[in-house]
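Each structure below is given as structure tokens.
Below are two complexes that have subunit A in common, paired first with subunit B and then with subunit C.
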Partner chain A sequence: MSSANTASLNTATHTVAPRRARKGTSERRGGYWWYILPGAIGFLAVVAVPFGMNLWYSLTSFRGVGDPVFIGFENYQRLLGDPLFWASFRHSVVFIVAMAILPTAIGVVVAAVLFNYISPKFGSKVASFLRATYYLPQILPIAVAGVLWKWMYQPQYGIINTTLRDLGLGGLAQNWLGDSDLAIYAVMNVLVWLQIGYTVVVFMAGLSRVDPALYEAAELDGATWFQQFRTITLNQLRPEIAVVLITTSVAALKVFAPIFVLTRGGPGTSTIVPAYFSFSNFFTTTKVGYGAAVASVLALMISVVAVALLRYQTRNSEGFEDGRG
Partner chain B sequence: MAVDSLEKPAATVTPPSEPSARRIKRRKRGVSGWVVLTLVAGLGLLMLFPFWIAIINAFKPAPDYIANGPVSLPTELDFSALVDFWGGVDFNRKLLNSVVISGSVALIAVALSLLSAFAIGIGRIRGRVWILALFMLAFTIPQEALVYPLFVLTRDLGLYDTMTGVIVILAVLQSAFGTYMLSSVLGTFPPEVLEAARLDGATRFQVLRLVVLPLTRPTMAVLMTFFFIWTWNDFFLPLVLLPSADNQTVSVALGALSGQYTSDPTALAAASLAGILPALVFFLLFQRTLMRGVNLGAVK
Partner chain C sequence: MRKHPLRLAAAVAAALALVMTGCSSGGDSGDPNTLKVWWWETDDSALSTAWKQAVSIFEQEHPGVTVEQELKTYEQMQQSGQLILDSNDTPDVLEYLKGNATAGVVAKAGLLTDLTEVATTRGWKLDNSAQDVGLYDDNGLMGSGKRYGITNYGEYVGVWYNQDLFAQHDVQVPTTFAEFENALKTFADKGVTPLALGSADYPGPHLLYSLALAHMDERSLAAYQRFEGDVDWSAWEKAATTMRQWVDGKYISTDSTGIPAQDAGNAFIAGQYPMFVSGTWWAGQIAEQPTFKTGQFLFPGNELHAGSGGNLWVVPAKAKNKDLAYDFLQITQRPEVQNLLADKGGVPVAAEPGSASSAMGLLVGDRFTELLSGADGGLALYPDFPVAGLNDVLVANTTDLVGGDASPQQVVEAIKAAYDAGKPTA
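Up next, the complex of A and B:
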């Protein structure tokens, strides 16, 4: 799903609040099962059964036609020796930098500047307006963002190269997406552009819950803006930073649409990612069993990150709930 | 509590009233204040820049682009690139497809979420923790790990390349998230209200329809907005499951463009603009809801 979806993971814990056992409800409770039936059937049909089938395919040699032939863990073994597989996960790390680490670093500074500096000096309307401009790329379908940037990166008439030439810097003009050394940076740039809005919005919301007295006290003590940022803002935003880092890392592991639109994994394999790698195994080279193995490994990695998130949140909100009594 | 916390992030849209100490400072903007404002505004312009050049070039005659490049303002307004693109890919059709698919997914997903969350949050059925963990799995799992089986299943069921197939699949996937959200809201639903309804002899379904539904409407509105936009922007499953041009969504139609039109710069600008416009309309309509929704997850 889209990058907006990065907001979606972190909702686990409130639901599992302690329940009081109520007298006489156990009988009544039975009837509630009817209400979960549609969701359960949907889950079985759309998630559980397909995921099981995917696991089964990953243990077979299957080219999309005929019947899958069981070959055990051969696909996985082959995967470990496949340089493409390793390249795709190396690129995942690069995209975690582009989608998680850089946007978080930029977002926390921008949010703090907007909230603690621009808003008091120039009013909250100015800050909200700027926040909206940063957020705007988030609403675009990623495919549209891809077309837009592909056009700007175009070597002959794209805006980046024409501007460089107009400035007399024609020597710096590059075939941004067509050069296998540069393409990954060009894609990273698009992803950072897409993601900043999300982090700014979340961090500004986080700051609104920080007690202003903290800043006022620091100011009385003569702390500079930067000192306040380091000691108060970063500390107070720690939960948001952790959640954002994990959710955006999950999104980075899943990244597909920008790659499909901008580079299709190329030039060569210089921007291939696991999602695109499995997709091309499924539908281009029709090595379905192999693609299924890639997808399964990806699912495993994402689950590990997601469980980390869940544990972090559970720990945090338990503390929170204890505090409330 | 959670019902409150859903409403609370709205406060971040209009930041909290400033304490008086800050109001005094507000007049002291100083040189450094303006420098910082210029910096953040500059970054804002950088973010908007792609939008801006898509707009100015979409209305530029092709010779103008060749002669003056992408930065200059158009010398005359020329809608031909936009009109050509619109007609060339039958963009009305794609818009309609996207509206039908996104609207159906949003409605069905919210309905599914409400039913499941009612059982989990109000009914407190046994094993709800595990059920929720499974639902969480449904929206963390990469779609690549589902796509080939879904392709096979929809083909065998005659749902391949039909909007119905995609609607059902996306509705279920998104309702997993909705169930999560709504369960947490309903799990903290005021018990007195439910008790009172039961004493009045309300059936379970009446409780759902007459008590729970009206009180959770704001949350469901946020969810529905998000489901609509996620579906609108969704790329991977529609790309695989809706191959024919007649069924394509806006996102897929544009994504599939890469490669085409490479020799026609204004056509690409027009295509980008066509993709931006609907998104921009949602943004203007739902800005508050969007911001609130983004925070819904992250702010605890």
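Up next, the complex of A and C:
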């Protein structure tokens, strides 16, 4: 074989092989499309198209019927000067505390107590039962939970105030949902109660993958429960904590049902949130264009928070995998 | 190969479109022998009973026509009524919400049938002020213009009172505002909170409006409700000041900011409060309570009282069987339906005098007739009628007023701002 032929063969091999590889990849990609398609169609129909329409409506003056009138960014300009809009976002920050930060903090402690203390001492069945009781609010329809809490908070015959009065602590009885200074804390309490079950279940699942040898070694080294919690539990649960913080923060930003059922944004506007503000513009004042602008800003803010938290989590888990975590 | 996903997408999209078209075609919606009727009143209510009677008469007089009745909810119609009326699958006749923000909006958008000519041709008697709730002008403002709906009942706000508690505390039924305040004070001095109030809901604004109406006349009412001239906001400020004084005097509990309308009514019905300022829609429940004797008087000293015709029967512009719908509307106005409404404790607009068999029916029915026949009508509509979304603003501000979170001036400023922002521009 001449060197020229060898060169030519080499070239042919070089040119053919990658083409085959590309063809193979392309065939596989074509095959994968079939899997993506139903989700893509669903996404288009349920998310992308309505979101596009929402963006369009946010640039119009529209009362829900008739023809929308294009007004450019007027709704957004008005939004920036609307104190109610800013108040609703301030409340969102408060609800991030109630739905993300507090339930995560409490959840991780409860999960650790159930996993490392209750389960070994009283058996896994007791721990499972207690986990289920924490999870109960999650399976209760929010309307039912809201009505229950409204009964409990009722200022005159609600169980909280009547119990306080029966115990001779009538001075502590409050107008829980009717006092504009107090209502937001009363709502926060309900939200924490609702969320703890979710965080406990996720963290207990996370703890079940932690190597027991770590705890055994720590115990042999004489580490206290708190030291084990700080150095092992918290460290090992970092991926779960990140996921829980992302999902609950997003849920807090778009919270609607508990506010609708408990306070409808009141008393006054002391518990109004962006989703309820948008809803009331859509359906009560029939300012659909303005409501759409609120919804668009809300969607944008949720996306920003979700992406930021996801990036943070990805960076952290990469570090974790590299042994830097 | 690459085209396959697109082909599949097209096929799926086409299938979806076919399914959706199939779903929305509504099968027999265009059947000339079917009348589709929607309302939201619950089965045990006086209104529902009367309308079932209308359906029964309709079926007797239209053999071969099937009536398809669907029960909706108030919230459903409030929140998605516009979309229903804009769809191609509307009922032939339905109960719809009166007011600028609801019937006014859809009337202006051309989604309701103009009933003006039908009403004239068929000789419907709709010349009383209760029927003003069915009239909307070209801007969708209620009270004048073309007729887009009719109402079969009325309602007004008065003061319900517990006769036993009045007797026990030696309080006379007040006839003037001063006597009313004296009665409130007498109860408060004895440690009894005199007024049941749900400030977290419509009763708060209704009480504030009743106090404002004490300082309003026909001209200032027209300015507020129909934008005819400048609104007299000083009347509202006086009302807010009085309401604040009533809270300070313990005539109203500050707890009321956490109490919705139903709870306030329930507490009155349970005998916990001597008085409850609210509407005739409570008549049935109040009449049924067996523990004390109940009475009702109009807000003392006022010439004008919150109240109006009830919600509307409308015929969608896209209704398939309009003639059948008109026949049904005509039947709802007949004495046999109206008298039944009165008999069940409702407030009919066209019942025969003395047709109510119950004391409560006679009380509210006759009083409503008096309010209708007054020289100025006596009915002042409701405080949230002029502007869409005003109810939320009124509730929020009344709550702030009762809770002491805003001064009367701040409250009225906030209401005025929302009112001005929502006013029709042209």
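What we mean here is this: the second predicted complex is superposed on the first by the 262 of 325 C-alpha atoms of A that agree within 3 Å, B and C clash if a C-alpha of one lies under 4 Å from a C-alpha of the other, contacts with A are read in each partner's own complex, and residues count from 1 in each chain.
We take it that a residue touches a chain if its C-beta (ideal position, glycine included) is under 8 Å from a C-beta of that chain, and two chains touch if they have at least 3 such contacts.
The shown structure was predicted, so the numbers you read here are calculated from the model rather than taken from an experiment.
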First (subunit B), second (subunit C), both or neither touched by A:45: both
Touching partner for A:231 - first (subunit B), second (subunit C), both, neither: neither
Contacts of A:154 with subunit B and subunit C, given as first, second, both or neither: both
Partner chain(s) touched by A:33 [first = subunit B, second = subunit C, both, neither]: both
Touched partner set for A:66, first subunit B, second subunit C, both or neither: second
Of subunit C and subunit B, partner touching more subunit A residues: B
Touched partner set for A:285, first subunit B, second subunit C, both or neither: second
Which superposed partner A:266 touches (first subunit B, second subunit C, both, neither): second
Subunit B/subunit C common contact set on subunit A: 33-34, 38, 40, 45, 154, 264, 283
Complex contact set, residues of subunit A against subunit C: 27, 30, 33-34, 37-38, 40-41, 45, 63-66, 153-156, 175-180, 264-269, 280-281, 283-287
Subunit A partner contacts - residues on subunit C that touch it in the complex: 1-2, 4-5, 8-9, 12-13, 16, 78-79, 82-83, 85-86, 101, 105-106, 108-111, 199-200, 254-259, 263, 267, 388-389, 391-392, 395-397, 399-400, 403, 405-406, 422
